[in-house]
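In the two complexes below, subunit A is the common chain; its partner is subunit B in one and subunit C in the other.
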Partner chain A sequence: MTSLEKPGIWKKTANGRTALLYLLPSILLFSVFVFYPMFRTIYLSFFLTDQNGDAAIWVGFENYSYLLESTAFINSMKATGLFVLYTVPIGIVLALFFALLANEKLKGIGFFRTVYSSTMGISVAASSVIWLFMFNPSMGMFNRLLSLLNLPQIQWLLDPQWALLSVSISTIWMNIGFSFLILLGGLQNIDEHLYESSRIDGAGYFYRLRRITLPMLSPTLFFIITISLINAFQSFGQIDILTQGGPSASTNLIVYSIYREAFINYQFGTASAQAVTLFIIILVVTILQFKLGERRVHYQ
Partner chain B sequence: MSKSYDKQVDVISNINVTIEPGEFFVLVGPSGCGKSTMLRMIAGLETITSGTLKIGDQVANHLSPDKRDLSMVFQNYALYPHLTVQQNITFGLDVKKVKKATQQERAAEVAETLGLTDYLKRKPRELSGGQRQRVALARAIVSESPICLMDEPLSNLDAKLRAHMRTEIRRIQRKLGITMIYVTHDQVEAMTMGDRIMILHEGEIQQVGKPIDIYNNPANPFVATFIGSPPMNLAYSDADKKASEIVIGDILRLPVPSNEIITIPEYQLIAGIRPEHLRPALKESPEEDKLYVVVTNVEVLGNETVFSFKLGTNEWKAKWSGQWHIEIGDSIPILIDYGAFCLFEARTGDLIKKSTDLGNVVFGKEVLV
Partner chain C sequence: MTTSLPKKIWIYFLLISTSFLVFFPVMYAFLISFMTGPELLQGKFLPQSFSLDNYIKVFDRLPLLNYLLNSFIVSVSVMLGQLAVCSLAAYAFVFIHFKGRDFIFFLFISTMMIPWEATMIPNKFTIQKLDWLNTYQGLTLPFFALAFGTFLLRQHFKTIPKELHEASQIAGLSKFAFFRRVILPVSKTSLVTLGAYGFLTTWNMYLWPLLITTNKSVRTVQIGLKQLQSQETGTEWGVVMAGVIVVIIPTLLLLFLGQKQLQKGLSQGALK
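Moving on, here comes the complex of A and B:
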């Protein structure tokens, strides 16, 4: 009786093998560009390296303990924390505000939708250069405005008090396009009938916003908050162009600090240790967000 | 309550109707005829281009939806997916800042009526289609508005549930005495539920009246084919005054009483007859009255039999009660009476002769005594 024969391992795994075949291209790509660099970084973080970036001396966790005692690193962490705090909530609230505006059915609203999302189409480098001009102390737009209003001049990028704030402002501007687009998409997905029904009940705009829009948008908001958080932790381009981490390391965000450690100081070991620390921080923040935030999310 | 509209644009024009308080008024028509637009105009979700809408004695053209004191059930129910059934039902009350305790009370009461008590804590996605429909209904009822608008509320339900909900909605409407304006494309719903129905086609009123009156005396060929299933059989026809006959579909000649033939105009007509008015010819029927037709299709529905045949270029249907063993291709004799015909003017579609011979399908209560 052939039907009673147990199917062999080869036959049992037929589905799995087919699936693997389909996954092969992405597994290959991910391995080369994600997994290998990741494990290499973890590996390097336990070594002191030579100038070529090759592992030279095994030091175990010494790189990490060095980091925790280093005031530069602590400062960098603080700056990053502040930067995230400045950019993420304000960026999302502004994007949500614009998305709500642009979601109204008005004539010519398409123009505004394009404008609000246009920052998505500008590279970080290009927009940083534009902001560099605007922040320029003598000929920049902001200081001109201040002098018109008879207010004292501000050294936007040169004053340690202001530099992080300035960088944050330009970052908010850069990120708004993407958040706006995603939130607008989320808003457009909300069934128009829900609003009509609530209008018949007599709900005002803010009541609708609170009881319908925000709960219905919560999956999108959750997504954009997660992405924005991760993005903010990884900001690099605007720092490099606007301030190079200065003045007096006030804008030395962690990714920029990693870059300097590795490619200017050639300390690949400590740079890797910082990178791993950043990875762990982002992981923890994201997990926390999922644990705490997802309770408030209403999936359909 | 009175209401009259003249929306002079493409979608809806020259609507002029008064809906009585406590009435179950059905707007029926094929899709795209403007019936939903009209409902939305009543609700205030769509602006009225011209004309006036009165609710009670008040002109309501520019009243916001919540000031019109009405409730609405949407086709897709528009339940809030993130709220529980209870919260969905009390949403409108919460907006109106009704006390929490009263909200609970009224929600519980309505839920009881509609059999939703066990589901109050659930989310809409955990409910079946029929239950969601009932939540939507509950939401409309709980507001205690005197007017309730319904936009094809039963179209997402299966046939059996639809039949059940038809009677359910009708029962609730009678019990609460609310004025119901009900939009549907289903003529069965219109016939069974409405006190009065309005048939719309391409944004214009075709006919307004009691379902039975409309069924018996359709105002034009569109109404004749739209109401009734299978639809009324139609064919072009001409009057032959010399022979005192009417020629239907170039084939069928029927004698017309001489006092009636003079009232029939010269121009081309459309003759219509309900499928149930085509009667089987019996053995004792005089041979000259019999019309032999070749059966092209048969549907036996258990309690009635519907078969099709060709009359000239038109395919007609006949509906006989009982189960008839007829095969496709059979040639069977039928009786057609001139009296059962409706005549319409072909060009304008106006009704010029009502069907008078309804004797074999209309019964009074006295028959039972």
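Moving on, here comes the complex of A and C:
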């Protein structure tokens, strides 16, 4: 009997085996470079580690309680929160404004679309170097402008009061291209007929914006808000080039803090605990977004 | 559709002024890249002459050509790797019915919730243990599998008529032949979108190359910029900006050529 059944099972699972073949590269890579390191990070966060990043002494939740009591970490979390607050809302509102402008059917609009999306083609490193010069206290454009207007000079990146704000301004600029591109795509997917019937009714621009455009755009807006939030929490390059986390740790955002703790201080245990914190924050943001999104978003 | 003239003028005014502001930093960098030290100190806005001295200097000071080539190799490898790995996976999700499909699909989704910065510590040690520091495979292989790319292609594959699949089975085409000879050619637009996206994001990658390259053998151009910026002090900013301009030209060109395509493709991927 069994010998008769075997070909049956073999044949039944044929699809599964072929599918596995197609999925194998992805599954293998995800296992090695996503799932394994995630579990490993959680595991390491309960240990003191040696130079090679191997677990040495089990300390339970001590890495976490150490972080909660460390002013450096709390400062870093505060800076990260403020950074997200400064960059995400303004960035999205600006990108939406540009997308609405660029969605008008006018001559030469293609040129403006290209300009608005251009920052997506400029790497974080290149943008940061450009902004580093613009913020330069003596030669940079901002202070030259201030002195033209007879206003006091600002130490943009060297003053703890201003550094986070300066980094945020440059970050908003860096992210505008991508948000713009996504939002413009969303606007162009809105059915023209909706506007035509409202125009017959004599509805004004802002009425149409509030009643048609924004509701129809809500899935795209929801997507770009989620992506922007996640991106903001992951910012690293601009910090490394503009401020190295300073002055007096005022721009020590979480990913930069993880990087320093792990690869400069070689404290892989506490660095892992910070990485787990980052993971949890992003998880919560995503889940909250989806919970809120389900209620608010208007799908076509 | 007609727009009244005053409204048109108003919109053009907004378009011109805001796009000037957005593009200003790039223009500024471009102008600075032609300036000499004294010009910078005087605070001039326009350079005296468009001499290429700074550009020649930057190639002297940094193995920039070498870095550009490295960035190019790495970006093209990730692009091709992603296209291959993601299209294979997307094909399985759309055209093969198998047990556990939902579960594997869920696994793919869950990778999007894990920020890779949270996993970089073990990943660096994995690469180190494989002895892949300062190698192309260390820079590229971890990024071949991409949930976002798989979804983007899956969305497109789903729009392919099922009849095509049935016809190919009747014609006796094997699954792989169907994939290679039918699916891939009709999905060209999505593949181009994903390819451009993969190239762009890899070219601009910063943190991973910073961890994986410890010498100049495979170092990418982004890390080169950091190196250049920290080497040059004082009035050599013209040289630094020349480096910046050289680095952003390839991606800006790619974006200008593919902006329409990218916008369409990415916003389709954003919506289900």
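Just so we're on the same page, the second predicted complex is superposed on the first by the 278 of 300 C-alpha atoms of A that agree within 3 Å, B and C clash if a C-alpha of one lies under 4 Å from a C-alpha of the other, contacts with A are read in each partner's own complex, and residues count from 1 in each chain.
As a working rule, a contact is a pair of C-beta atoms (placed from the backbone, for glycine too) under 8 Å apart; a residue touches a chain by one contact, two chains touch by 3 or more.
All values derive from a computational prediction rather than experimental measurement.
After overlaying the two complexes on the shared chain, residue contacts for A:A95 are found with neither subunit B nor subunit C. In the superposed model, A:A203 makes contact with subunit B only, not with subunit C. With both structures placed on the common chain, the touch criterion links A:D191 to subunit B but leaves subunit C unconnected.
Of the two partner chains placed by superposition, A:V167 touches none, neither subunit B nor subunit C.
Within the superposed three-chain arrangement, the count of touched residues of subunit A is higher for C, of the candidates subunit B and subunit C. Of the two partner chains, neither subunit B nor subunit C is touched by A:A273. Of the two partner chains placed by the overlay, only subunit B lies in contact with A:I212; subunit C stays clear of it.
Against subunit B, in their complex, subunit A makes its touches with residues 191, 193-194, 196-203, 207, 211-212, 215-216, 218, 298, 300. If you check the complex, the residues on subunit B that touch subunit A are 43-45, 64-67, 70-72, 74, 76, 78, 80-83, 91-92, 95-96, 125, 139, 143.
Every residue of subunit A that touches subunit C in the complex is listed here, in rising order: 13, 15-16, 18-20, 22-23, 25-30, 32-38, 40-41, 44, 52-53, 97-98, 101-102, 104-106, 109, 112-127, 129-134, 136, 139, 141, 144, 173, 176-177, 181-182, 184-186, 188-189, 219-220, 223-224, 230, 233-234, 236-237, 240-241, 255, 258-259, 262-263, 268, 271-272, 275-276, 278-279, 282-283, 286.
Looking at the complex, you find that subunit C touches subunit A at residues 1, 3, 8, 11-12, 14-15, 18-19, 22-23, 25-26, 28-29, 32, 40-41, 43, 84-86, 88-89, 91-92, 96-101, 104, 107-108, 111, 113-126, 141-142, 144-145, 150, 175, 200, 203-204, 206-207, 210-211, 222-223, 225-226, 228-229, 235, 237, 240-241, 243-244, 247-248, 251-252, 254-256, 259, 262-264, 266-268, 270-271.
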